[in-house]
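Scrolling down, you'll hit the structures one after another.
Each of the two complexes below includes subunit A, the first together with subunit B, the second together with subunit C.
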Partner chain A sequence: MSLRFQRLLDVITRVRGVQGAMLVAGEDGLVVAESLMEGVRGNAVAALAASLTKRFGRAAEAGGLGPVSFLHLQATDGALLVVPAPEGMVLVVVADADVNVGLARLEMRRAVEEVA
Partner chain B sequence: MADEVKRLTAELARNPGSLVFLALGETLRARGQLDAAARIALTGLERHPHLADAHDLYARVLADAGDVEQARDEWGMALRFDPKHIGALKGLGFVHFHAGDFDQALEHLETALAADPLDQTVVQALQTVRAAAEIAEAEAAAAAAETEDAVEGIADVFAGLEGARQGLLLVDLRGRLLGGGMRDGTDRDVAEPVAAYLAGASQEAERTARLLELGTWSWIVAEGTEGSMHVSQPSDATLLLVRRDRSVPSGRLAVFAEHATAVARAWLEEQQG
Partner chain C sequence: MKLTRAVEPWVLEPLERFVLEAGARLTLVMTPSGQVLAQHGFTRAVDVMAAAALGAGIVASTAEIARMMDESTFHALNHQGRRHGIFLGACDTGRGRLLVLVVYAAESSSVGLVQLFFEELAVALAAAAPAPAEQPPVLAADFERDLNESLATLFRP
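And then the complex of A and B:
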């Protein structure tokens, strides 16, 4: 199972500008699997992404948007992308600011479908 | 009057089981001798616990003494023994009137009037309560209009922009509404819960961007199954939320959000200005 996750994450990191991808337990923010470039702090990414997703998930539910299917934090020097995965997990990507978000999202969704 | 008290007292002494205590108690109450009136009323109630008039007398003494709550109970008791007791109906009308519950006051007084259409005290009480109810209604309408004006004022921040009142929300970092409005797909007002959940989102976004060395956060988009929301920070102390349904592509949402952010920023500068 772990090897399968790894392969899926590796595919995502091939998208230009993606620095790393990881599968995280949404509830506690623990890393399930990761494929990261050197320098990317996996544990921090996992914890922060899980927390941010939870907060926006609650706001989206309150706003009648339904469950969050994609989250994108854009910053001056990078971006964080999150897609929910089965069994309460979330797929997280750390990328450059100018990453092709459409392509990264496509690969993330494919990966999630594979996980399911 | 003193002679009257003497006469009634003597009569009651001769016949303690009689109903003379009602007249004596009422005379003492009218003279302001409330302690004496209460003693007579209670003594009478001991002998006639199911007499509505006795409860009514004691209630009037209590009301004069300022114990409106207990008076209310006593009048309620009187009505249990005599549902059309005029004194109890008037008394409860008085209690509800002073509590600001005009509907209940009118109901009791109208029942009293139906029981005795010639009772002028009931007619006068009804006129007083109806006038007060009309004033209260006018005041409530004015307050509602004021609230509506306030909502209009809030919506004006984004006047002219698409979704100014249902898809654009400006809040401060403590979750308080500053402008715009937010409604979900069923037209339910969701501005306050959304604002509450988003309060602190900027700190969370800032912390995430800083710890992951992503620089300064610019905006966040959350896509849900029913629509999307775009969150940005027009100023250090505010958050702007743009909500759109699923039919709006994410690129168009971003362009619109950028425009709305500029509008919010201009409004904030104007407020500070």
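And then the complex of A and C:
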């Protein structure tokens, strides 16, 4: 199972500008599988991204927008991308600021479909 | 009423920050013998006494299991419930080894968040702790008096 997750994450990290990808348990904020470049604090990103996703999910629900399908947090030096995955997991990507978000999202969605 | 109180003032600022960032409902900072240094969220002294005694007991039990398994020690424990989780972590400071008991709601926090900010709390406590001083042994005769004094400080109106 974890080998399969690893393979899916490795495909995403091949997108230019992606520094790392992680499958995170959405409720716990703990890393299930990761493929990260050195220097990325995986545990911290996992915990905070899972918490963000939970809160944005609640905001979307309150606004009658339906479930969250994609989160894109753009910062000055990089971007955080999140796609909900099956079994309560979330797929989190840490990327450079100039990453091709469309391509990264496509690969993330493909990966999530394969997780199912 | 102020929700975060400390018997030893150097614990207060790191604890307040931890509670805010980790989204903790209840937190106790105590010694391995169950002497409480600070608390957040408890409204009754009897609950603090019970939680401190139980938390210290759990850590003592698992330390013994660790010893039997030839492990040095367990650094943290997490009990996950449906709505709440209980996290117990230990850190070393100039004041000696401290235990931190955290109760968090699954709805507003997670074990990942608590673990993350506990690491920062441990660093902050180690930095803020006063230089090691000669600690008198905990004697049964003094224990009740010290306990009552601590609880009076933590729940003073």
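By definition in this document, the second predicted complex is superposed on the first by the 116 of 116 C-alpha atoms of A that agree within 3 Å, B and C clash if a C-alpha of one lies under 4 Å from a C-alpha of the other, contacts with A are read in each partner's own complex, and residues count from 1 in each chain.
Going forward, a residue touches a chain if its C-beta (ideal position, glycine included) is under 8 Å from a C-beta of that chain, and two chains touch if they have at least 3 such contacts.
Note that the structure is a prediction, hence the values are computed from the model and not measured.
J.: Once subunit A from each complex is brought into register, does subunit C clash with subunit B or fit beside it?
T.: These partners fit in the superposed model.
J.: Look at A:G29 in the shared chain and tell me whether it touches subunit B only, subunit C only, both, or neither; answer first, second, both or neither.
T.: second
J.: Identify the partner contact of A:P67: answer first if only subunit B is touched, second if only subunit C is, both if each is, neither if none is.
T.: First partner only.
J.: So, does A:L80 touch the first partner subunit B, the second partner subunit C, both, or neither?
T.: first
J.: Roughly what angle, nearest 10 degrees, sits at the C-alpha centre of subunit A between those of subunit B and subunit C?
T.: With subunit A as the vertex, subunit B and subunit C sit 70 degrees apart.
J.: So in the superposed three-chain picture, is A:V11 touching just subunit B, just subunit C, both, or none of them (first/second/both/neither)?
T.: In the superposition, A:V11 touches no partner, neither subunit B nor subunit C.
J.: Contacts for A:A97 in the overlay, against subunit B (first) and subunit C (second): which applies, first, second, both or neither?
T.: first
J.: Counting residues of subunit A in contact, which comes out ahead: subunit B or subunit C?
T.: Looking at subunit A, the partner in contact with more of its residues is B.
J.: Classify the contacts of A:A59 with the two partner chains as first (subunit B alone), second (subunit C alone), both, or neither.
T.: A:A59: touches subunit B, not subunit C.
J.: Figure out whether A:S51 sits in contact with subunit B (first) or subunit C (second), or with both, or with neither.
T.: Both partners, subunit B and subunit C.
J.: With both complexes overlaid on chain A, what's the closest CA-to-CA approach of subunit B to subunit C, in Å?
T.: 9
J.: Considering each complex separately, which residues of subunit A are in contact with subunit B in the first and with subunit C in the second?
T.: The overlap between the subunit B and subunit C interfaces on subunit A comprises residues 44, 48, 51.
J.: Applying the document's contact rule, which stretches of subunit B touch subunit A when the two form their complex?
T.: Residue list for subunit B touching subunit A: 182, 184-186, 188, 190, 193-194, 196-198, 200-201, 204-205, 207-209, 211-229, 231, 241, 243.
J.: Considering the complex alone, what residue numbers of subunit A touch subunit C?
T.: 24-25, 27-30, 43-44, 46-48, 50-51, 54
J.: List the residues on subunit C that touch subunit A in their complex, please.
T.: Subunit C reaches subunit A through residues 80, 106, 109-113, 115-116.
J.: Any idea which subunit A residues touch subunit B in the complex?
T.: 40-41, 44-45, 48-49, 51-52, 55-80, 94, 97
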